[in-house]
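As C-alpha cells, the structure follows; a few thoughts come after it.
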Amino acid sequence: MSAQLSGILFQLFQSLLVVAIAPLLLGWVNQCRAWLQNRSGAGVLQPYRTLRKLFHKDAVIAHNASPLFRVTPYILFSCMWLAAGVVPVLATDLPFSPAADVIALVGIFALARVFIALAAMDIGTSFGTLGARREMLVAFLAEPALLMVFFTASLISHSTQLPTIVEALAHTQFTLYPSMAFAAIAFVMILLAENARIPVDNPTTHLELTMIHEAMILEYSARHLALIEWASSIKLLAYTTIGFALFVPYGIAEAGNWAALPLALIALGVKLVAAGAGLALLETISAKMRIFRAPEFLGTAFLLAVLGMLIHFLLGA
Amino acid sequence: MEILWLLGMPLFGGIFLATVGCRRFAPEVNAVFSFATFIAAAVLTTRIINDGPITAFDEQFFIDSFNVFLVALTAFVAFTTSLFSRPYMRIEQHHGRLTINMLRLYHSMYQLFTFTMLLALTTNNMGIMWVAMEAATLTTVLLVSLYRTPASLEAAWKYFILCGVGIAQALFGTILLYFAAERVLGPGGDSLLWTHLNAVKTQLEPTVLSLAFVFLLVGYGTKVGLAPLHNWLPDAHAEGPTPVSAVLSGLLLNVALYAVVRSKVLADGALGTNFAGNLMMGFGLLSVVVAAFFLSRQKDVKRMFAYSSIEHMGLVTFAFGMGGAVATFAGLLHMTVHSLTKSAIFFAVGHATQTTGTQLMENIRGLIKQSPTIGWGLMLGTLAILGMPPFGVFASEFLILTTAMHSHPWATPILLLALGVAFASIFAKVQPMVFGETDLPRLPHPPALVPVFVHLALVLLLGLFIPPYLAGWYQQAAALLGK
Amino acid sequence: MTLLPIDIAGGVVVYWLVLGMFSLLLIGSPKHITQLIFPAGALGALVLAGTGLVALGQTPNVAVLPLGLPDLPFHLRLDALSAFFLMLLGAAGFAISLYSAGYFRHMEARALALLALQYHFFLASMALVLLANDAYLFMVAWESMALSSYFLVTTDHKVPEIRKAGYLYLLIAHVGAISILLAFGVMQGGHGIAAYTFDAMRTAHLTPFWASITFSLALFGFGAKAGLLPVHVWLPEAHPAAPSPVSAMMSGIMLKTAIYGLLRITFDFLGGEIWWWGVLALTLGLITALFGVMFAAVQTDMKRLLAYSSIENIGILLVGIGLAILFHANGKESLAALALTATLYHALNHAFFKSLLFLGTGSVLHATGERNLGRLGGLIRRMPWVAALVLVGTLAIAGLPPLNGFVSEWLLLQAFLLTPDLPQPYLNMLIPVATAAIALAAALAAYVMVKFYGIVFLGQPRDEKLNEAHDAGWWERLGLAWLALGCILLGLFPVQVILQLDHVTQALIGDTLGMSAAKTGWLFLTPIAPERASYSPLFFLLAILVVLLITFLAVRRFYHGRLRRGPAWDCGFPEQTPRMQDSAEGFGQPIRQIFEPFFLIEREVPSPFDREPRYHGRSEDKLWYGLYLPIAKAADKLSAWISILQHGRIHLYLMYSFVTLLLMLVLVRWS
Amino acid sequence: MSVSLSGQLINLLAALLLLIAFAMLSQRRVLSLINLFAWQGVVLTISTLVVAMSTQQQHLYYSAALTLVLKVIILPWILHRLIRKLNVKWDVETLINIPTTMLVGIMLVIFAFNLALPITQLAGTITRSTLGIAIAIVLLSFLMMLTRRKAIPQVIGFLAMENGLFFAATSATYGMPLVVELGIALDVLVGMFILGIFFFQIRETFDSLDLRHMEKLKDE
C-alpha cells in the first residue's frame, strides 16, 4: 500500500517537475545559442516571462473558428503532460508507465500533432493549411523513424516498456550496442525535426515560406498560444528525456526509492545542461534547409534507424 | 403407344399445316400441336421414370432415362418456342417481311423439324438416327433462308453444304459400325440397333470402331458446332427467324450431341481405352476457346449468342469427354440449362430486335427504360448464361470446372481464360444494351415474355433445388453413360 | 426443440430475403420502403450481431437445408470464425440500414424498390457466405453477393462511368470467383458429388504442391474481391460509384468476407503449414498497404480517397494473416494467435470506422451534391453532427490512441517485434523492413486523414452553395452515432474484445491470447507479459481528461477567460479568398513529389496569361496502363487473329472439316 | 456365278469407280460432269447387282433398283433440267489447277488404302479391298467439293460422295438394312429438290451461281 502510495507521489512529483522545468530547458538552449552567437541573450527565465505575458492577454480568435480550434491547445498540453508523465525521467516503473509503452507514446505525440494540424486548417487561411501540410509531411517520415529507434531498443531489451528498457540497458552489466549508435544518430535527427528546430524548421522565424510549426499557430493568441508554447517546450523535454532513457539511462532511480531521488535529480540536471548545450551547438553550426530537403533529411534518419535494427540482427547486439 | 403420339403429333401437324394451312389460325394450331406433343412426351417420361427403359415396335424404338429427358426437354422447348413465335411471326408479317406462304412453310417445317428431332432421339437404329439427323438439316435449311435475303440465302447454303458433307461422314461412320457389328451379330436389320450393339460392344472390332467413331464424331460434331467444324452455325443462327435460332441452338445441337454420346458409349466399350473421351475433350476445349475469342468481335446480337452456344456445347462435350458420374451428370444438367437459357435469351433478343428494328448491338440501347421486361429478361438471361449463380448454368459449370481441376488440371487454365474472356466480351456488349439512356419510346403493348421468364425461373430452380425425381433421372442417365 | 444460433442466423437470412421481396410490393409508396423496410432490416442485423456474439463461445452447430444439388444439399455451419464475421456484419449492417432509412428518402419510387430488394439480397448473401459449409452453397452465395452488389453499384446506370465501374467490378469478381472455385476443385476430398462439403475438405490431405496451388488460387480469388494488388483496380471505381450506404457496406463488410474466406481456407482447410505462404501474403500485403495509402493521399474525390484507404487497410489485414501463417508454420502458436487477433481486431475496427466515414461522405454528398474535395470545406459549421461523428472515425482510422484503430495496429506491431525468433534467418532480415513499411503506412494514413477531414469539414467553404448545406437527419445521425460509439468502445475495452476473439484463434490455430492479455486485470492490455508490453486506453483517456480538466480550470481560475472575435490574421496580405486555401491536389503534392515514380502524373499548369488560372493535376495508376490495358489489347489481337477463321469462304470451311478429318484419321491409324 | 469371279468383278468395278472419280476430279465441263456422275451410278448399280447375285441377299436387288432409278435416272435428269432452266453451260472453274488436284488425289488414294489396310485384313466378305476404294472415293469427292468454285459442281461432288458411301455399304457390308437405305434415298431425293429450289433462289438473288457472291457473312 505504502509502496503504491509513494509510487503515486513519485509520479506526481515527476509530472509537476517536468511541467515546471520544461520552459527552463528551452530558455537554456536559447541562452546557449545566444552565447554561441556572441549575444548576451535574454536569460534562462525568458520563456517563463513570455508565458506569463501571454496568459494575461485577451484572446483573439477568428470569426469562423470552430470549437475544435479552441479545445486544441488544452488537448495538446495534456497530451504532452501525459507523455512526460510516462517517460521515466527520474524513476522507472511509475504507476503511469503501464498505461502506455513506447508505441503508445508515439501515439500520444501523433494525437497531439493531428489535433494541432486540424486546428491549423480550421480557420482556412493559406498559411494555416500550408503549415499543417508541412507538419504532417515531416511527421509521416519522423514517426516511423522514431518507432524504428524504439524497436531497436526494444529488440535488445525484449520489451516495449520504457522502464523495462531502462532496466535492461542501465541496471544490467554495461555492454556496447552498435545498433544503438545508429539509433542514437537517427533519434537526434528526429528530435530536431519533431521539435521544429533548425535545420528542419526554425522556432524563431515568421518568414512565411520557411515556417512550419509557426505557420500552424499563427491564428493563436494569448492563453491558447501560451498553452501551445508550453506544450512544445514540454515536448522538447520529453524527447530529450526519452533520449536519456534510451541512450544514457544512468542514474534513474526505482520508484518509491526516495533515497535515490537526489542522485537522479542531479543526473538529470547534468544531462539536461549538456543536452541543451549540444542542441544549441547543433542548431548554430547547421543551416536551415529548404522544405523539400526535409524529406531527404528524415529519410536518412529513417534509414539509419532501420539500419540499426538490421545491424542488431546481423551482430545479434 | 406414347411414342406413336409423340412422333405422330408433329408429323401429322406438319402435313396438316402444309396442306390445310388454315391461314388465320396457323400459329395457334402450331402451338396446339406442339402442346399435344409435349403432353405425349410428359406421359412417356413419367412412364420411363416409373418402370425403367422400354423398347417398342420390335425394338425399333428404345427409350431410356438418357434420351427420355432429352425428349421431354425438346418437346417442352418446342412448345414454349411455338408460343413465342405466335406473336413474333405475326409482327414479322405485319412488318411485311414474310408472306402468308412463307408462314405456311414455316409452320409445317417447324412441326416436321420437331418430328425429326424426336425421331432421332427415340429411334434405336443408328441408321435411322442418321436419316433423322439429315432430315433435321433439310427441314431447317429452308427456315434459315425464310427471309430470302441474300444473307439468309448464303447462310442457308453454307448450312446445307457443310452439314450435308459432315453428315455424310457420319453415314460412313455408321456403315463402318454396321461393318463391325455384322461380324458379331450377323447381317440383317437388327445389327444396327443400339441396344444390340451395346450388348456386344466389347466384342466389336477395336480398329474399325475407332475409325467409325472418328467419322461419327466429325459428322455429328459438325452439327454440334464443334470448332473447327462450326462455321455454319453463327451464320445460320443470325440470319434465320428468331424462333428458328432458338430451337436450332436450344435443341438441334443437343440432339447432335446425343448422337455423339451414343456412339461414344459403343466406342468406349469396344476400345476399352479413353480414346473417344480424349478426342471429345480436345474438341470441347478447342470450341470453348475459339468461341470465347470470337465473342469479343461480334456486332450482331444473335450472332454473338450463337457463338456463345458453340462455347457451351464445347463445355458439355468436354464434360462428356471427361466421363465419370459427376462430369456426365454435369454435362446433362448443362445441356438442359443451356437450352432453356439460350432459348429464353433468343426470345428476349427477338423482341428487342423487333422493337428496335436492328440486330446491331451498338444501335440497341437502354432497353430497361424502353421496356423493363425485355431489359430484365435479357440481362438476367445473359447473367445466367455467363454462369452467374444462383442460375442453373452455374451449377453445371461448377461441377465441370471442379471435376476438371481434380482429374485434368492442365485443362483448367484454358477454361479459366476462355470463361473470363467470354464473360468480358458478352457482358461488355449486353450491359449498354440493357442499361443507359434511349430515345426510343416505350412499347405500345408489352411483349408476351412469359416463355422467357418461365425458362429463367426453371433455370433458377435448377440452380437452387433439383427436384428428387429429376435428380434420380439425371443420375440414372449419368450412371448409364459415365463409365 | 431448442433454438440454436444457426437457426436464428438462417432465420435472419430468410427474413432479409422476404423483406427484399416485400419491398417490391410497396413499389407504390417509397415512404414506407424507407421508413419500414430499412429499419426492419436493421432490426434483423441487430439480431444477427447478437447471435454472432452468443455463438462465438459455443461449439459449432450445423444445419442442412433440403436444397442444392442432388447428394449435395446446402450445408450450414456456424463456428467461431463465422460467428465473429456475422457479428461484424450485423453490427455494421445495423448502422448502415438505419442510415439508409433516412438517406434514400428522396429517391424515385421504382428505383427505390429495386434498390431495397438488391440491398437486402446483398445483406442476405453476405450472411450466407459466412454460414456456408459446402463449396456449392459458398460459391452460390459468393456470386450472388457480387451480383447484388453489382446492381447496387449500377443503381445510377445512366452515367457511363458508373456502368464502366460496374462492368469492371463484376468482371474481376467473376474471374476471382472462378479461381476460388478451382481452389475448391483441388481441395475436394474423396469422390462423387458429396466431396464438396467443407467437412470432406477439412479431412482431405493434399500434397504440399497441391496445397500451395490451392493457397495461391485462393489468395488470387479472394484478393480479387478484397482489392489486393494487382487486382485492385475495380475498387476505387466501384466504391465511389455506388450510393454511399452501399459503398459503406462494400468497403466495411464485403471486403471482410474475402478475409473470412482466406482465413477459412488457409487455416481451417489447409492448416497454414507452409511458411512461404506467409511471406507471400506478407509481401503482397505490404505492397498493397503502401500503394493504397499513397494513392489515397493524392486523391481529389473524397470517396475515391476512402476507397484507396480501404485498399491500404486490406493490405494491413493481409500482413497480419501473413505473420500468423509464418508463426503457425514455425510452431509458434501463441505468437500466431497474437498476429491473428490483431488481424481480426483490425477487420472489426475497419468495418466500423470505414462505414462511418463512407456514411459521413454520404451525408456531405447529400447536403452539397459535391464529391470533389476541391469544392468542399468549412462544413463543420453547417453540419456539426456529421462533423463531430466523422471526426471520431477520422482519428480512429488514423490509428490514434485511445481509439480502436490504434489498438489493432499496436497489436500488429507487437507481433512484428516478436518475430525475431524465427528459424529462417533471412526472414529476420526482412522483418525490420516490413515493420518500417507498416509504420510508414500508418503514419501516412494519418496524413491522408488530416487531408480528408481538414479539407471537407474545416477551413472556409470553397464554393458558394456550401452555405446552404444542411445537417443529416435523425436516421442518419443514429447510424453514424452507433458506429462512432463502436469506434470508441472498441478502443477503450480491448481486453474484453480480445477475450471474445480468443474463441476464433482457439478454433483456427488452437491457441489464445486472452489469458495472458488479461493477466494484469481487465484494465491493462498485455499481449504477452506485462513487462514486455502493456497498454491501457481507458487509463490513458482518463489521464488526458483529468489533465485537461485541471489545465482548463487552472487557466480559468488564475486568468480571466476573456475572448474577442476578429478577422483571421492575413499576414499583411489583404485579399485572402477561400481559393487560397490548400486544395486537395496541393495537400497531396508532397506525397506525389516524394513517391513520384509510383504515379503516372498528368498536370495542367496555367499559363501566366490565363484569365481564370486553374491548376489541375491527376495521378493515375500505372498498373492500369502497364498491366490491364496490355492484357485487353493482347486479347483483342488474339481474337482478331482467330476471327480469320470465319472469313466467309465456304471452300475453306470445307477445307477445315476435310483437314480435321484427315488429321484424326492419321491419329487413329498411326497411334 | 462363282464367288471368286464375282469377287474379281467387284474389284474391277471398284477400280472403274475410282477411275470415274478421278475423271470427275479432272473434268472441266459441267455437262460431262453430270454424265460421269450418271455413269458412276450405272457402275454402282452393276456392282450392287453382282453382290446381290453372289450373296443371294434379297434386299440388295431392291437397293440396286433404287440406285438405278435414283442415281442414274432421276438425279442426272434433275441436274440436266437445272442446267437448261438456268442455262448455265460454263466450264467448271477450279480454285487449284487440275494437275495439283490430281496429285493430291493420288496422295489421298494411297492414304485411304493405308487407312483401310487393318480392316481389309479382317474383312470376311468376298470384297475385302473395296473398302479402301470406297474411302478413296469419298475423300476424292470431298476434294472435288472444296476445289470447285461454282455451286452445281459442288453439289455433284456431294452426290458423288454419297455414291462412295453407298458403294462402301453394298460392297463391304452387303448393304445396309433396307429401312436405312430407303431413308437415305429419301433424304438424298428431298435434298436434291431443296437444292433445286435453292439454285433458283440463289440465281434470282445473285443472278449467278458463283459462290464468290456468297462470302459476305464473316467476322473480320
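Going in written order, the chains are labelled A, B, C and D, and every chain counts its residues from 1.
The rule we apply is simple: contacts are C-beta pairs under 8 Å (C-beta built on N, C-alpha and C of every residue); 3 or more make two chains touch, one makes a residue touch a chain.
For clarity, every value in this text was computed on a predicted model and none was experimentally measured.
Engineer: Measuring from the mean of all protein Cα atoms shown, which chain centre lies nearest?
Structural biologist: C
Engineer: Measuring between Cα centroids, which chain is at the maximum distance from chain A?
Structural biologist: Most remote chain from chain A, centroid-wise, comes out as D.
Engineer: Go ahead and note the Å separation of the Cα centroids belonging to chain B and chain C.
Structural biologist: Taking the mean C-alpha position of each chain, the two centres sit 44 Å apart.
Engineer: Calculate how many whole Å lie between the centre of chain A and the centre of chain D, each centre taken as the average of the chain's C-alpha atoms.
Structural biologist: Distance between chain centres: 101 Å.
Engineer: In whole angstrom, what separates the CA-based centres of chain A and chain C?
Structural biologist: 36
Engineer: Compute the distance, rounded to whole Å, between the mean C-alpha positions of chain C and chain D.
Structural biologist: About 70 Å separates the centre of chain C from that of chain D.
Engineer: Could you pull out the residues of chain B that touch at least 2 other chains?
Structural biologist: Only 157-158, 161, 165, 211, 234, 294, 297 qualify.
Engineer: Could you list the positions in chain A whose residues touch two or more of the other chains?
Structural biologist: In chain A, no residue touches two or more other chains.
Engineer: Can you list the residues of chain D that touch 2 or more other chains?
Structural biologist: Residue numbers touching two or more other chains: 115, 118, 142, 145, 214-217, 219.
Engineer: What are all the touching pairs of chains?
Structural biologist: According to the stated criterion, the contacting chain pairs are A-C, B-C, B-D, C-D.
Engineer: So in the complex, the part of chain A that touches chain C is made up of which residues?
Structural biologist: Those residues of chain A that touch chain C are 55-56, 58-66, 68, 74-75, 77-79, 81-82, 85, 96, 98-101, 103-104, 107-108, 110-111, 113-114, 117-118, 121-130, 132-134, 136-137, 139-141, 143-144, 147-148, 151, 154-155, 158-161, 164, 208, 218-219, 223, 227, 292, 295, 302, 305-306, 309-310, 313.
Engineer: Please output the residues of chain B touching chain D within their complex, sorted ascending.
Structural biologist: Within the complex, chain B contacts chain D at residues 125, 127-128, 130-131, 134-135, 138, 141-142, 145, 148-151, 153-158, 160-161, 164-165, 168, 171-172, 174-176, 178-179, 182-183, 187-189, 191-192, 205, 207-208, 211, 234-235, 238-239, 294, 297-298, 303.
Engineer: Could you pull out which chain B residues touch chain C in their complex?
Structural biologist: Against chain C, the touching part of chain B is residues 157-158, 161-162, 165-166, 169, 210-211, 214-215, 217-218, 222, 227-229, 231-232, 234, 275, 279, 290, 293-297, 325-326, 329, 368, 383, 386, 388-390, 394-395, 398-399, 401-406, 409, 412, 416, 419-421, 423-425, 427-428, 431-432, 435-437, 463-466, 468, 471-472, 474-475.
Engineer: Write out the stretch or stretches of chain C touching chain D in their complex.
Structural biologist: 643-644, 646-652, 654-655, 658, 661-662, 665, 669
Engineer: Where on chain C does chain A make contact in their complex?
Structural biologist: Residues 377-378, 380-381, 391, 395, 398-401, 406, 410, 413-414, 417, 420, 428-429, 432-433, 435-436, 439-440, 442-444, 446-447, 449-451, 453-455, 458-460, 520, 524, 526, 530-536, 539-540, 543-545, 547-548, 551-552, 555, 558-559, 562-571, 576, 578, 580-582, 586-587, 590, 593-594.
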